């Protein structure tokens, strides 16, 4: 990690070198932002870097965006920068199976239509969300897609920057997902309840509630949430096993994450014959 | 349909003939109950018929129970009384796939262990419930299984009897399953919500709520419910489509029916960010 | 009760005589509407009667409105038509105590300001609502108050008309208020719970829930509800007496009725440690 | 404050002097416990002190209990130890009005019946709870009342001890009462909602929720809660003012505290047309 103070005090070349790779194959971006130093916050630094691209002419933007590797199953095998590879692997496109070929064909159609690769901040999406977004964006226009791509570059580079630079005013790039269980028939927390979290239908985490009805840790924290469908499964059957009628053994709660940097707390209030769930903010 | 009055007034032979098949391959059962006529209610008639079996000696009970066809995939193809065939087809054992062979083997083991076929009132169970019950009952004893089989004969013959005889005091053999949807953010019923009912994971019914938030008809009525897992799916996404965040598109509610003759009303109270469901009795 | 058919077939004079008093001291109103007969519905008849007033010139409207007795504590003692007296007594203005003098002074100020008495459909209001409405309307203008008074005449005469005339298309003039109680810890209705209804802080009804968790009758039906604050009190303490911690003995639920012709069903879902209430439509 | 280490190391006389007044007019209690030192925790010290009384013969216990001033309105004017006076003033018996005379008469009857004053840990009770407890205990027996009085002495002396002595293992003598408000129609905390807390019908605290839906501080913390009826009033009308129908302006939530050292968190989940409240542990 490099501090904002060090970045502010470095020579322009050292500044650009320290940020190499944040903007893919584009060392000219930090060089152009260097004269605007010192920056008071990491957020201000990132804004200045993005402004270099945002204020560039259309040809320069196109060339910059073409420097981004196409997001595809094939691309996962090699040819990406280390950051891109990690981001795309994290997405789990490799697990898309039959959908992968479909994705590759559509991504090629996208590039043919708009002259730039399909760029998306993979760490903020699930595979199903990437496919849905690509489908939707295929119906767009060249100029609108340049803006959309730059908006994704904003998210991609922000995550890369906060992984390297530290200092005051770090932008919020992580989300939070948690839950807890209350037994509202007995007026106390429900301990010992197993909870599973599925994302895009795939099991992501599980845990058992403690005596406060909480899991030992948030289900997700310290990283962006991913846009897409999620499901919590509360295995309350064993908890209520002393009652004779196992009316509810497994309570599924589905929800759709739309804000990767949001705070989602989803409690469950439960009796043997009723439950309530809600977003608690 | 034959009336209780007619049954009460018939000769013993005509009485037994009218009830032929209610007790499988056992015309001696109604003959033995005939002298106790007249019966004030259909329930009293059924109780008297069952008492003939319940008070018989163990050998007679065993012979009677052996008269019941084994419940198996093979059995579905032929050799059943018409009533038995309809009941077993309704269960959907034919759709069990790989589990069918497993069931056949276990049912054979049951007969080998206890000297009687595995008898269960198929119209009160789902396939998964039949398999679970068979598994559990394999660990029982010969005497306990004779009692358990007679308990199932009670349910089987009661359903057959009420399909033929009418009159005062008909026993309750049907259940009720319904739901409705209220929008508690706006304080009004939620109309236009599609609802699906799954049983043992198989889609059984669907419908759209009307302006009162109800379906035009109960999800199930006029027949026994079936012991086993059920799931309601409330497709609330389109209903809330005017709000920008599709937090909840599909709300699944799972529950386990344990009383086939019970009344299950399961409302959904829902806002874009919260829902409550419960058994309303 | 007179039928719409009879009214349609009567001579103009008999028609006007049959409706005498619906429009206070104004037999010319039904006379002017008589030529428009026959009316297909009671609602159409009432609309035609109201149109006579609505389309009259300002002077005629003023004279008509002055024919209405002022609504005041003094007025309750005499000088009202029978209908007016019954309506104002039902309001309970006599029980206003100190507020009655205040009301009388403000009503006089209203007449001084706008040249007409303060007219309000007393059967759709509580005393507190009458006082609040008068306070608010004192800040209005002469023309707006003539409209407001005619709007109240619409409600007053509609109630009078449906009390005399019957036939197809009767306008809805009654509201509905009910409740029921479910024990969502045990999954069944809560019987034996005493419920009180207060209106404007005064006890209006009480009852005990039956085995279905309902009262034998709606709390209010067959008459308009009254605009104003209401409170339900659910005495759940004795119901939960077997649990050792009397966390909740009396659950008060306050709400404000704004639609006298509306349908208000307000269930209570309750456990020893939680409750939910809502408008069920 | 004196440390447990200091108490453990002191001479018996200094030890007794340091604890003077914890056991009212009974310096012999700490003197008798002194040989059992050192104590590992403050709780162990208190247990040892109480054991001196608990293991004493009935006459000694009676003499000790008679050393306690009678809890009465008259007593509040003088003659109490400083600790007793503060405790009884905190109870608010002075505000009992007409009930005070009633209390005085019953307390005298109690002393006449059982030979000891009516002793109760006033800081754990509301006035109504003191009156109810006295009423109930009048129907008891002399031996049971000696035990009940010693049980109250346990609470009284524990509170006095933790106000003077510090060290490891301090017993829990404080409770916690808090709330927060969530808008479950919009899926976010409800800020700006005024909340009042009443105890025994008297306003005790109020506050406005912040942007997290919480009050800046718990409603009660750092002292025992008081056994008795409490009521929260959530003034949600202004919060929902943008909706046209002010269905709910003030939501009252009543509950009965039974555990003065307990943790009571009582959230409100609210929409314009529904609310849920529960004990969250």
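Per-chain residue numbering starts at 1, and chain names A, B, C and D are given in the order in which the chains are listed.
Everything that follows uses one rule, which is that a contact is a pair of C-beta atoms (placed from the backbone, for glycine too) under 8 Å apart; a residue touches a chain by one contact, two chains touch by 3 or more.
Bear in mind the structure is a predicted one, so any value in this text is a computation, not a measurement.
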item: Chains touching both chain B and chain C, listed by label; value: A, D
item: Chain of greatest Cα-centre distance to chain A; value: C
item: Gap in Å, rounded to a whole number, between the CA centres of chain C and chain A; value: 57
item: Inter-centroid spacing, chain D versus chain A (mean Cα positions, whole Å); value: 50
item: Residues of chain A touching at least two other chains; value: 184, 187, 245, 247, 269, 271, 273-274, 276, 278-279
item: Chain A contact footprint on chain D (complex, rising order); value: 182, 184, 187-189, 212-213, 269, 276, 278-281
item: Touching residues on chain B, where the partner in the complex is chain A; value: 229, 245-252, 254-256, 258, 271, 273-279
item: Residues on chain B engaged by chain D in the complex (per definition of touch); value: 184-187, 245, 247, 269, 271-274, 276
